[in-house]
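In the two complexes below, chain A is the common chain; its partner is chain B in one and chain C in the other.
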Partner chain A sequence: MKLSTLAMAIGAMVLTSGMAHAQDKTFNIWWFEDAVSAQGITWTKALEEFKANHPDVTVNFEQKTFAQLQASGSMILNSDQAPDVLEYNKGNATAGLVASQGLLQSLDDAYTAQGWDKILNEGQLALSRYSDVGVYGSGPIWGISTYGEYVSAFYNIDMFEKAGLKVPTTLEELTADFEAFKAAGVTPLALGGADTSGQHVLASLAYTKADDTWVQNYQGLKAPLDTAPYLFAAQTMVDWVAKGYVSKDSTGIKDPDAALQFTSGKAPIYISGTWNLGNFSSSIKDFKWGQFLVPTPKYSVGSTGNLWVVPKGSKNPDLAQEWISLLLSPKYQTEQANNGGVSIAADAATVTNPVGQNASAVFKEIADKQGLGFYPDWPVPGFYDVLIQKVAGLLQGTLTPDQFVGELKTTYDDAQANQ
Partner chain B sequence: MADAILNPGDAIDEAAYGPRKRGAGRWVVLAILTLLLLLVLFPFFLALSNSIKSTVDYAANGPLSLPTSVDFTALKKFWDVADFGRKLLNSAIISLVVAVFGVLISLLNAYAIGIGKVRGSRVILVVLLIGIMVPQESIVYPLYYMAKATGLYDTQLSVIIIFAVLQSAFGTYLLSSVLGSFPKEIIEAAEMDGANRWQILWQVVVPVLRPSLMVVGTFFFIWTWNEFLIPLVMLVSNNNQTVSVAMGLTRGQNMSDPTLQAAASLLGMAPTLIFFLIFQRTLTRGVVVGAVK
Partner chain C sequence: MATPSGASTEDKRSYYLYLIPGAIGFIAIVLLPQIANFALSFTAWKGVGTPRFVGLQNYEKLLTDGQFWGSMSHTLLFVISMTIIPVVLGLVLAALLFDYIRDEFGETVSSLFRAAFYLPQILPITAAGVLWGWIFNPVGVVNIILRAPGLDGLAQNWLGDATYALPAVSLVIVWIQVGYCLVVFMAGLSRIDPALYEAAELDGAGWWQRLVTITIPLLAPEIFVVVLTTLIAALKVFAPIFVLTAGGPDNATLVPSYLTYYHFFTTQRVGYAASIAVVQTILTIGLAVIFLRFQSSQAGKE
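After this line comes the complex of A and B, so read on.
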């Protein structure tokens, strides 16, 4: 008798606590953008509004690290610990992989129901779509990006003015500016020859000789590598080293050190991605700086940013979609540009921060002409490391431009034939 | 191990007679040691000087210059963003429990292998050594699935179990070779007095072995503290994570913040450094005494 009363009491307790849980709705959200980056600042503000809009929901935010999601993203998404919505790295090896493993919810219906189709164009969706084998460009929509990124030349306006130079609009003018700085005793280009910016410079130069067919074939692994654009890029880079436009010891340095040459006012030009904007905005106080695109006919190195994805196990997909809509709203797109970020759909007239205004306008220009050329390492798994190694070899002179493109072609064609 | 004990007397002789042979050689040794000391201290200095630099200062003057003013922004930012106090507690709990259980398992194993003379003890030791040598990357997936199956995924207990076992493999190897040369006379005497195996372990072996156990435990603590991959994979929630995992906050996808990194490394290594300074005596004494026995 006593035992059964006890059992009933426990049963009642379990029941009430279970009901209490049901009423107490929780929404778990993760991202890994740095808290002081344009995205981090904007998303934090948006989350405040989101919480205010849903007083009945407990919102749990966790600041994740890129390393953690890179190492164990698919393991987390395949467990009960997955959040309701999270930022996930774009690309075949990351978002594509978990999409193909069936760990995400498709956002196809939400795309029209939430009106995202009126904000984003098809070109900005290339990295949202993944096929059933996880290759981007086609298939259902698995994630939505709310910002963009592109590679451009950061330049020291004070040094340009002092040397009486203007912003180049062609490759010849760029070379002429290099020559003028060199003649004045300044090594013009800061280059992380042993890091990512090396291959970004290479790809930017290759895109000066690339047309639609080449870029689509290259990124889509559709044909054996046509090496002409890369050969031109490699010859140009070797030429730059020979003429002293690039410091001899920059062949072995990393991006943070190359960026340091720019921020400390030693080098007037540094070619890298818009992810530097936040750091440069807050840490450069001694001179004025700006951005210009490496002059190409159409394509620039760049893409939409990381994706917001909704895991399969998300208990609140409706709230997750509402969150994405909030970030795509004009209010937070403008906010993001005002924080120096690259917005996809900001109202240019209301943006007051010149850095974000310019970056968002440039991104819109590239995206509108369908000129997002993506990154050179994307088509082939492991190509990132191959490119870093070969570009370093090229700059150090252990590889001639011909050998360089030959080795790239071997790797690329191998992957192309075996896909 | 046994070789190391043979000539402690020689060292004393040298120390006693040394002062007579004063000469240039001593200065050379001193110079080399000073140089080595500076080399060791240099990274600590870099971490300290860069963590108290402002980002503007770093961007203008680079990593090697002295800070123009003392700025605690980076240290404070890392402490807040990482919720570092919580991470310290997590790391301390995990490392301490691993150290205690790791030593306990090692001791029991080593008692069986070293003194108990289990059949095939060599084979067991080799198998255990393989356990140490396998790269963690290759066992992460099986561990993940086991943790999920047992409901231990995203709990500190999973990390504690994994490291207590992994590290006791090394501890077993080390302690069994120490116990292999344990003087039989002592054990025979204890048996004569009517002690059973359990009593011999706790009342005879452990007291003699205590310094070695302290050393092993200290190493387990430091190693566990510095572990990265398995805590990264196993501990999903921020509230469960350890110090070394929190360090990842300073490295973004494309960007890293050097002053924040310096602050993180300073805060990250401070606890192990303090721990080492406190237990330094135990460590050195333990190594010597352990060897003598």
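After this line comes the complex of A and C, so read on.
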């Protein structure tokens, strides 16, 4: 090809792409909720309505994964490839970091202009606000969550009834139920010891010994780690393994496999988050199941959900805000609960799905008593992996409870001192 | 190979033009990122924003980081499972297929085996890793097979127990690597003059003697190449670890590449991650240089 031909070809390409750009308005939207989860189903429906409302806009949806954005979200938002609106991982290490680096648009004005202030309360905004150093709880609003989540014990009602057991309201009763199942030859608790549910059980147990001061200090990185609640939690977990309430093999099991032990009716209890609700609703056919909170005085592992954020480079911030409003509308909040999701503002009277109704009610109960204790990995970047590794060490017996809390303290205090 | 004697210097210079595309690729994909990485290793950086210069702090921290030294010691074990075992196994298998299986059972059977051994190299490592994860699961195939005849004592929590996780991961890596060694060695074997084997056989040399006296010495160039490439692969192993154990349980299978990834993407200590990568690069290049020196001195002797 002659040079002049090449130049013409390039010129033509630039021209046509420029023209295409002028003709259609495109709206790029990403989320990472699974397509079969309550959020995924609801948002897909909402997106259909959104497209119908804007026939002149080309809407491009891309399915992402949690891990993708956890790992490289900040780099994507720092590039010109960022979408117009996306679901983004909440917390200091993710949303806080990109907010503090100026990669997001503040939603303070939209909060009142779009009427979100009439739907959400201040307590539900704790994870929407990030300070100028990226710590949640105060500062401008950088993202909006349209759902809640919490960790609870899923239990097999049929197995409980057959064994003549009641839903436990104290830790002692929970242990007694475990013992009864164990005596009948059943390993009661399915646990993904190589995965996230290990740290959820750990934190749930720690919260049985945690007061307001401890939780606030812990989550706010306000003081070196007071290890007492974790020591109790670690001792309890080791005890559970020793007594056979949890399989020693759990360190070779990931969460989906542990969940399978529950859904297949092998294990009567599985402690994990409400993100399982969609899966459990659709895959459990042969037995009745329910949830109960791990008995704690006040705090439960849980929070408002991941955030809808508008990147700095969003070309359509108005459409982005309209999208968030649509998801917060009664129609889709109810829809979400009807799909088995944890709605933040559903009208309980209109929800017909008992799973979503119960979950939304439990979430409201925790949120109303200010009992959202958040997740154990939040204060320290990278703590998520540390907790997975160390809980595995604890469960397989290479770490004693004392060594275990010692290792957590080293990492935590290091981050606390260097923040 | 002699250089074409007739070519003038001007002609030779025009050859350099052909190097430009490769050079651009090398600079853009290898050299510039290396320099950037080296520069970043002297900073504290969160991946976005402005890096802050901290001098040698990252390297000082590296010296006392138990995780880092643990990962380095695991690398030594991966040298065994990625280089030593596959090379030895590959050599024996290649010789077996080449002058025993092929002679006794025909070309088709030999090719079938070669293809089967090479298959793991073609499979995407993530897919293979997920499958191996299921196989090693506490309620997975391996344990089911062991329990069926009553060998419950041998059934283990393969990937979830620090004692077995490293050998289990190593086994998967051997499975992946053997095919590569085997195929290169078989290609090399076809280069060797069959007359040598015939002569040795006439003199009464057995299969093992032929392997030691003919195959191994004549395959030296291939062995060098394979050892070097697998050695480099062992020093930077990442994908099997990432898929199978994510470095666990309790960091029992942590390797430097995974530690770099962990600090880069999850703790956002990008500068620290860069310093680990620098140490790893220096080690790899150093080993490669020593090895190439050794190879050329060996080649000189012949």
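For the reader, a short list of remarks on this structure follows.
Keep in mind that, in the parts below, the second predicted complex is superposed on the first by the 382 of 419 C-alpha atoms of A that agree within 3 Å, B and C clash if a C-alpha of one lies under 4 Å from a C-alpha of the other, contacts with A are read in each partner's own complex, and residues count from 1 in each chain.
In this section, a residue touches a chain if its C-beta (ideal position, glycine included) is under 8 Å from a C-beta of that chain, and two chains touch if they have at least 3 such contacts.
All values reported here derive from a predicted model rather than from experimental measurement.
When the two structures are aligned on the shared chain, A:275 is found in touch with chain B, with no touch to chain C. Using the contact criterion defined above for the overlaid structures, shared-chain residue A:390 touches chain C, although it does not reach chain B. Look at A:250: by the touch rule set out above, it reaches chain C but stays clear of chain B.
In the superposition on chain A, contact is made by A:97 with chain C only, not with chain B. By the touch criterion defined above, A:400 lies against neither chain B nor chain C after alignment on the C-alpha atoms of chain A. Contacts of A:329 after superposition on the shared chain: neither chain B nor chain C is touched. Touch criterion met: A:283 reaches chain B, while chain C stays clear of it.
By the touch criterion defined above, A:71 reaches both chain B and chain C.
Overlap of the chain B and chain C contact sets on chain A: residues 71-72, 75. If you check the complex, the residues on chain A that touch chain C are 70-72, 74-75, 77-78, 93, 97-98, 101, 103, 193-194, 247-254, 257, 381-382, 384-385, 388-390, 392-393, 396, 398-399.
Note for the complex: chain A touches chain B at residues 32-35, 37, 62-68, 71-72, 75-76, 79-81, 89, 196, 256, 260, 263-265, 273, 275-276, 278-279, 282-286, 306. Interface of chain B with chain A (complex): residues 55-56, 58-63, 81, 144, 148, 153-154, 229, 232-233, 236-238, 245, 248-249, 251-258.
Of all residues in chain C, only 46-49, 133, 136-139, 157-162, 245-251, 262-263, 265-269 touch chain A in the complex they form.
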